[in-house]
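There are structures below to look over.
One chain, chain A, links the two complexes that follow: it is found with chain B in the first and with chain C in the second.
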Partner chain A sequence: MAVSRLSRLAARARVPVFPALGMHGEPALHRLALTAGIELVDSPRHASLLLVAGGVPPDRHAALRRVHDQLPAPFATLWYRSEPLIELAGATRVDELDALPEALTTLHRELMQGQRGSSPRLLPDEPPNPWEGLGDDGHGGEGMMGGVPYGRPMVMNMTDDLRDGLTLDSLTVTLGPFLPMLPPGLSAEVTLQGDLVYAWTTQDAPYPTALGSVFFRALQEPVPIAELERARARHHLKRLHVALRLAGLERLALQALRLAFEPRVEQERVTKLRRRLGRSGFFRLTTTGQGRLEQGQARRVGGVAARAAGLEEDLRGRDAAYRRLGFTPILQDGGDTGARWRQTLAEIDQSLQLAHQAEREGAHTEVIGSVETPCGPWGEHRSEDASRLLDELLPGLEWDEALSTLASLDLAAVSEWPQETLQGSTEASGNGAESCEERRA
Partner chain B sequence: MIVNELILPVILVTVVLVVGAYLVAVIDEAIAGALGLPRAANAWMAPLARGAWLLTQQANATEAPDWRAWRLAPALYLALAAIGLAVVPFSPTLIPTDLVTGVVLWGSIEALATVVIFLHGWSANTLLSLIGAYRYVALGLSYILISMFVLIGVALPAESLQFSQVVASQAELWNVIRQPLGLPLFLIVGLGVTFWGPLNLADSRDLAGGTASAISGPPRLVWNLARSAMLVAFSGAAASAFLGGWLGPWLPGPVWMLLKMLAVLAVLLLIGRLVPRVQPERCVTLMWVVLLPLSFVDLIWAGVEALW
Partner chain C sequence: MELLTLFFIVLIAAGLGLLVQWLPRRHQPMPPYSQRAPFLGGGLPETHAWSRYHVRYYPMTLLLIAFEMEMMFMYPWAVVFVEQGMKAVMEMGMFLAILSVGIVYGWREGVFKWQ
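Up next, the complex of A and B:
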């Protein structure tokens, strides 16, 4: 009786969901962030439900199995626009975004009330490598040093300190592709000394970013500038949401996300958000002038990052329709994390201003064949992946600085399919994932 | 004797900690709702439902953790909160343990909290937990000195290290007015010792929960309970040291004390929701370069005021 009462009570808790993002799974994340009763957690240990959102390329299946097995029992999986792993063929799959919150809530309730069994473990419950400890201390080295117990070298003081002479043991680990603080799909081998990033080697690039169809149409035909600029502002607001959540500003993060989904984003509300951000200490407390891009690096990333480093690179300046609206590129000179967010906020403001003015005048783009996307210029080629830049940019930064730098950069390639196509058809999602995978290979 | 000096104090501390920890969750939920975050259907029920969920969840394992330390750390942190609350007076007579060195004991709790939180992160044998542990040591070393100077400041006018005497010394003027720098500095110490809001460097989102990133089920419930309990214990210390403890008109002393504790809790929880997490390096710089000198000023101020 007591157990059943406990289970009934547990079923009323917020639904703790760990999102493992595949390709183009962000819409699910955004929807759930705005849903009361769902809690998106950062560690699989803190979840009862594993949500796999978007197609996961086959080479990430091994990592997905490891994440799956980290959830504490009882737990279940839900697959949003994603094919369940072969061992979990009977798992629940949902393809409609609107049905997702309800499906998660039902799954959690059934799990807590014992109407559904826990998902099976997929990997053997044993260390990934055999114990190879030898010698007096059992770790295979001499004295207290060396050895490779469980196939991983003991942390050893083998590298010089990059910062202040306080040398700590260095530890090399692989992070991603499902770590929520990293862009979806990104994985890297990272060597840390304490919380200082000593070395960063990007292994898998982040999944390509899907842009709104208006950017694709702008390549082919004149499009309303108002529509183009609102889509740009929405893209930046969604990125801002990620950064603010990471900084612990949950409330402002949600405000940014709500604005991104408003049918008509109002400039006044964005101005209010900017003011609140300034007052909260976001720039003073969470950015310390780190993550500075040199001009060459900024040019490789393009878009906001380039303009935040003082480069006057914006294809909109070449369009007479934009010039008639009085457009001139906004520039910063810092090139660091803080400058990129100041630039992003200023560009959101500018986009909404342009949209308002263009709507009044019925202005359309006049240049065909190229467009300034929120991720950078798209002329002859789409923006390409620039995540290898992290290998030179992140070493020497503390973990927190490295992650806030990462959040301020839009490094993923631009997808060859528009957002609406990918969201409109389940088939498109699967094919898109495969094709992008092939292209990256 | 045993009833008065052992059983009643234990009951008092346990009740205040458990009810207080529950209220922390309710107030935090209410603040979140007021700030426009998605709110639970029932703020009073939400903490109980969450507790029940954690009780039904498996306590997981990591690869080769230091089991004893890993399981013990949450309980030790909870014990530190209980010991801290035990020296807090609720009225001139209702004091769980009226130690003559209560202020010193509180200082030692802050120091031991650093050890326990490091132990929690280190013993899990996982990367993100370990980084959380490292970070907390940097934070702990930074706020302890500030706390020490601020607490000496309140002991000076009382000419005693006993919390009940510190409260009695505020009969004419509360320390929050007498030493205006003291309470703001002590609130920052509180955010540090509970690693809450802007000073949550140990269990932060960028570390997927830091020292708690690898725990689930009942151990996580104890850890969360211990963090809330430490907030309650801290609010008791702050209310006694700066807000006149049980002193106040019309209402009974213990009611005043509880109201003041709730006010301190509400302020800490509100800061936790409104201010971003400070970058560790910026945090340590602020502590040593700005706040520590300010705590010197507070101490000199308190000394001059005591002589005058």
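Up next, the complex of A and C:
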């Protein structure tokens, strides 16, 4: 009796969802972040549902199986625009973004009321390394020093400390590609000495970023500057949302995301958000002078990162229509994490101002064949992946500094298909553009 | 008799504590190994997390104990000194000698350097 009452209560609670992002799965994440009754959790341990949003390339399936098995029973999976793993062929799949919150709520209710069984474990119930009964004491090792207790070797590689000479044992782990604090798809082998990043080796690049179709049209025909600039401001606001969530500023993160989805973002609301960011201490978090890019590195990343390092690189300056609107590139001179966020906020402001002015004058772009995307210039080539830069940039930083540096950089390549195509028709998912990119990744 | 009462109180308290922990777990199987693995977003650890970690505030704690605590002991000692005389001076000398080993160690670790 008491148990059934508890089950009913659990079924009415907020739905704890762990999102494992595949390619172009961010729209699902954004929708759920703004949906009441859904709680996006940062660890599978706190979730009842695993949402796999977007296609997952086959080489990441082993990692996905590991994440799947880390949810406590009973749990279920939901696949949004993604092909379920072969062992979970009967799992629920949803292709419509609007149907996603309802599907999650129903799945959770059925699971909690016992109408649906838990998802099966995909990995065998065995220790990752055999240890039982091995060694002198049956604990799998030969002792504390140099042994392999529980089948896993002890840390023995004493490396020099990068910070203050207090040497610690270093811990090497592979992080990602489903770690919410990293860009989707990115995985890296990280060596930590306490909270200090000793070495960072990027193993898998993040999934390409899908831009709005207006940037693709701008390559082929004149497009309204107002539309282009609003899409740019939206892209930056979504990035700001990720960084604020990472900094623990959940309410401000949601505010930034809501602004990104408003049909007409008002400049006053962005100014208000900026004031709140100042009061929340966000800029103090990022003004430690860390994550500074050299000129060459900044040029490789392009876009906001380049201009934050003082490089006057903006294709909009070559367009006469922009010059008539009084456009001049905004520049910073720090090139560090703080400078990149100041630049991002200044560019959001500038884009909204340009959109307002261009709308009044009905201005269209005049240069065809190249466009300044929010991720950098797109002339002959699209922005390419620059995540290998992290291998040089992050060692020597403390973990919080490394993550705030990572959040301030837009390192993923630009997808060759616009967001609208990838999110548009149901037919396109699974067998169209998305699966092409999956294969390529 | 009092000790026996105390023993029973401890026994009942420990028994209740264990019962409260056992009751919700009695039908729960042990989570599988795959669930117990550390969450790294799909990645794997290469080594044990049993690593030697430097407690960075350790030299400062040592210094606090060496200076602060010795002062705390000196106040009651000052009262005893009037009654005991030379004997108390010898004891305090030994106490300070032992403490100064800690201070010398802290000095070697660079605790007096302002960073």
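Please note the rule applied: the second predicted complex is superposed on the first by the 405 of 441 C-alpha atoms of A that agree within 3 Å, B and C clash if a C-alpha of one lies under 4 Å from a C-alpha of the other, contacts with A are read in each partner's own complex, and residues count from 1 in each chain.
Note that in this section a contact is a pair of C-beta atoms (placed from the backbone, for glycine too) under 8 Å apart; a residue touches a chain by one contact, two chains touch by 3 or more.
Please read these numbers as outputs of a predicted model, since none were measured by experiment.
Q: With the two structures laid over each other on chain A, which partner does A:Phe178 touch: chain B (first), chain C (second), both, or neither?
A: After superposition on chain A, A:Phe178 lies in contact with chain C alone.
Q: Would you check which partner chain A:Arg14 touches, where first means chain B only, second means chain C only, and both and neither mean what they say?
A: First partner only, chain B.
Q: Looking at A:Leu246, would you say it contacts chain B, chain C, both, or neither? Reply first, second, both or neither.
A: The answer is first: A:Leu246 touches chain B but not chain C.
Q: Under the stated touch criterion, which partner chain does A:Leu403 make contact with: chain B (first), chain C (second), both, or neither?
A: So A:Leu403 only meets chain B here.
Q: With the two structures laid over each other on chain A, which partner does A:Val67 touch: chain B (first), chain C (second), both, or neither?
A: After superposition on chain A, A:Val67 lies in contact with chain C alone.
Q: Between chain B and chain C, whom does A:Ala36 touch in the aligned arrangement: first, second, both, or neither?
A: Only chain B; A:Ala36 stays clear of chain C.
Q: For A:Arg45, decide between first (touching chain B), second (touching chain C), both and neither.
A: both
Q: If we overlay the two complexes on their shared chain A, which of chain B and chain C does A:Ser280 touch? Say first, second, both or neither.
A: first
Q: Thinking of the overlay built on chain A, is A:Leu123 touched by chain B (first), by chain C (second), by both, or by neither?
A: The second partner, chain C, only.
Q: Can you list the residues of chain A that touch chain B in one structure and chain C in the other?
A: On chain A, the overlap between the chain B and chain C contacts is residues 43, 45, 70, 72, 127, 149-150, 168, 171, 173, 179-180, 194.
Q: Can you name the residues of chain C that touch chain A in the complex?
A: These residues of chain C touch chain A: 31-35, 37-54, 56, 115.
Q: Across the complex, what residues on chain A touch chain B?
A: Residues in contact with chain B: 6-7, 9-14, 16, 34-38, 41-43, 45-46, 48, 70, 72-74, 112, 127, 149-150, 168, 171, 173, 179-181, 192, 194-195, 244-251, 254-255, 280-282, 285-288, 398-401, 403-404.
Q: Which stretch or stretches of chain B touch chain A in the complex?
A: Residue list for chain B touching chain A: 32, 35-41, 45-46, 48-50, 52-53, 55-60, 63-64, 127-128, 130-131, 134-135, 197-198, 200, 204-209, 213-217, 220, 273-282.
Q: Quick one: which bits of chain A touch chain C in the complex? Just the residue numbers, please.
A: On the chain A side, the touching residues are 20, 43-45, 60, 62-64, 66-67, 69-72, 121-128, 149-150, 152-155, 164, 166-180, 182, 187, 194.
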